[in-house]
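You will see chain A twice below: alongside chain B first, and alongside chain C after that.
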Partner chain A sequence: MAKTYTPIATQKLTASAASVTFSSINQNYTDLRLIFSGTSTRDSTNDIVYLSINGETLGTNGRYVNLYGYSGSAGSGFSGSYNVLGIIDGATGWQQSSGILDVFNYSNSTTFKTSLARTNGSDFVHACVNTWTQTTAINSIRLWTNIGLFAAGSTFTLYGILKA
Partner chain B sequence: MAYTYSKIATYTVGSGGIANVVFLNIPQNYSDLVVKFSARTTENPGASAIGLQLNGTSTTLTDITLRADGSTATSNAQTGTSGGFGRMTSRTGQADDTTSSTFSNHEVYFPNYTSANYKSYSVDAVTENNATQAFSEFHAGLWSSTAAITSIGFNVYAGGGATFKQYSTFHLYGIKAEL
Partner chain C sequence: MAITSLKSGISTRSGMVGNTLIYPGSYESIASASPSAGTAYVDFTSIPSTYTHLQIRAICRSNDGSAGNNNGIYARFNSDSGSNYSFHFLTGTNAGATGAAGLASQTEMFINAVNPRGGDTANVYSANVIDILDYANTNKYKTVRALTGDALNASGVIRLFSGLWMSATAISSIRITMEGNFAANSQLALYGVN
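And then the complex of A and B:
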């Protein structure tokens, strides 16, 4: 029986880092899933985690629509210029955020790539749908924080999911 | 060949229902845990919440809710305990006055459940109802404990004796990240 859910790579930060990159992603899976647990070093303020694909810089070929709950209100937003994983907690005490990113049909070379992201923190919940408006297969994923750094101890694991 | 995504335990509610479902003695050799459950409750009328208990305690659970009910989207922070369980969701305990034979669906994801940090977890849940009102919820949960998670329990939160009905199913999976 084929193994359908396989860890591709894990990164556990031993020191704070501005970004985390999974490169040379195996093209043999159907979908990708990235699991995140950790915080930003941005004091007690929440931070944004951006998503870059295939080494692109912010504002190139991304767009997203999000839905969030924060401070007692629900809201939604849109950007036509970049992708995000979501929001994470600033590092205060033992606080932790978590996130899940699902990237669908990432290795095809005919369609734009869609992903769903969920992140959680001590005072927010965030859901987001991203579109990367390129038909190229995805071979690298980079996550990076807006202001702070990913704190030491943060973990990132990329899984490959095989349909059959 | 070791499997990354392994079933640890399954429970299906039998006739007569059950007040709560608890997974005990969870192995500590996975990276993450996922619970997927499909449930219907005896609460009628009402739209009950689902309660959560980790390691037999509920006192350090907090939650941020994002909920849609067919007409509006709302968000709020939740705390509180009842009967040893904390509030995990708001309205997703599929009540018994909804369309017959419909069950709610939940996925609860616990990354790094053995770590010495506080535990952040996510809940995605929906109910089904052939009416104008059903519920879809995202939750950001936090268990402010540095202990590893060794047991996970669910109940009908503050349901006044309401139980999970027959054919409700609960599955616990372990996910192993190590290569």
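And then the complex of A and C:
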């Protein structure tokens, strides 16, 4: 059997940053998986991480449905305006968030692109499904925070998964 | 348990921020299927027992010509059609409310409750990651977990599933059935994880 789950690129922030972009993504895989570990510089409050595909801005072609537990309550919702990775911790202590984003059949030019994401942190767990309503192959992914910045030391690694 | 660095090959104890990056263990592609429109099911057979876990990654759409984001995907192992399956799931929707449900003594395992159908917006597919844990172990029943969903529109759904197959037999074949049959461009891939 062929080994897969190949690292494509990795970024470890040496200073806080407003966004992280993986561009010129190799088109030779079936799926992408992005693994994240880090925090936002937003005081003690959790922050949202948005997902932009191929350089698009919010409100263009993204939709998501989420499911979450936060400080003892659960909820879910839908947005017809954007895609998200999820929620991350604010960087006031040793709390760290981690997340996984799976992007399916990203290089085909036939289907809209769907992704699943999970994040967890000190007081929340979040899952969401995104649909990007374009058939264009995905060649770049940008993650960016809603209010704060990604804190120094945050790491992002993109892997490619190839089917048999 | 140590984690091996992506860059240096050095083992660490944590994938947390500031530490060296994590590198996955062995993850191998076993088989894949791209069912043509109208295909009722996909079979993965002769699955090697040499992995620790299996993972199915799929995008799916139902060929049912109606509209409505609610056709399901089912799994059956080793052709067992007995009432040996149970499942539970947690749901997130546009309504803002979460819901949960489950059934026991089923003849197959429900693992995805929502897929766009032929009458829905074109080109939208569900996303599915299905983990079949310790599938080759002959001393325990088999547990499955799955995260699935689509954001077709305001009727989009995300679901977190857990399933049980009450058999201690090693899993050597998996049948994935789509309610209303698969639509063109659906794709399923089976991986082995160590």
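The working rule: the second predicted complex is superposed on the first by the 161 of 164 C-alpha atoms of A that agree within 3 Å, B and C clash if a C-alpha of one lies under 4 Å from a C-alpha of the other, contacts with A are read in each partner's own complex, and residues count from 1 in each chain.
As a convention for this text, a contact is a pair of C-beta atoms (placed from the backbone, for glycine too) under 8 Å apart; a residue touches a chain by one contact, two chains touch by 3 or more.
Just so you know, these numbers come straight off a predicted model, no measurement behind them.
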Clash or fit, chain B versus chain C on superposed chain A: clash
First (chain B), second (chain C), both or neither touched by A:Phe78: second
Touched partner set for A:Thr21, first chain B, second chain C, both or neither: neither
Touched partner set for A:Thr110, first chain B, second chain C, both or neither: second
Touching partner for A:Thr157 - first (chain B), second (chain C), both, neither: both
Partner chain(s) touched by A:Gln96 [first = chain B, second = chain C, both, neither]: both
Chain B versus chain C as contact partner of A:Thr60, first or second or both or neither: neither
Chain B versus chain C as contact partner of A:Asn146, first or second or both or neither: neither
Chain B versus chain C as contact partner of A:Thr136, first or second or both or neither: neither
Contacts of A:Tyr70 with chain B and chain C, given as first, second, both or neither: first
Residue contacts with chain A in the superposition, chain B compared against chain C: C
From 146-154, 164-172 or 182-190, the chain C stretch with C-alpha clashes against chain B: 164-172
Chain B and chain C contact sites that coincide on chain A, given as residue numbers: 3-5, 7, 10, 35, 37, 67-68, 74, 76, 96, 98, 118, 127, 153, 155, 157, 159
Contact footprint of chain C on chain A as seen in their complex: 1-5, 7, 10, 12, 30-31, 35, 37-39, 63-68, 74-78, 80, 96, 98, 102, 104-105, 108, 110-112, 114-116, 118, 127-131, 133, 135, 151, 153-155, 157, 159, 161-164
Chain C to chain A touching residues, read off their complex: 6-7, 15-18, 21-24, 26-32, 48, 57-59, 90-98, 123-127, 129, 147-154, 156-158, 160, 185, 187, 189-192
Contacting residues of chain A [partner chain B, same complex]: 3-7, 9-10, 35-37, 67-70, 72-74, 76, 94-98, 100, 118-127, 153, 155, 157, 159
Sites on chain B touched by chain A in the complex: 1, 3-5, 31-32, 62, 64-67, 73-77, 109, 111-112, 115, 117-122, 124, 138-142, 144, 146, 175-179
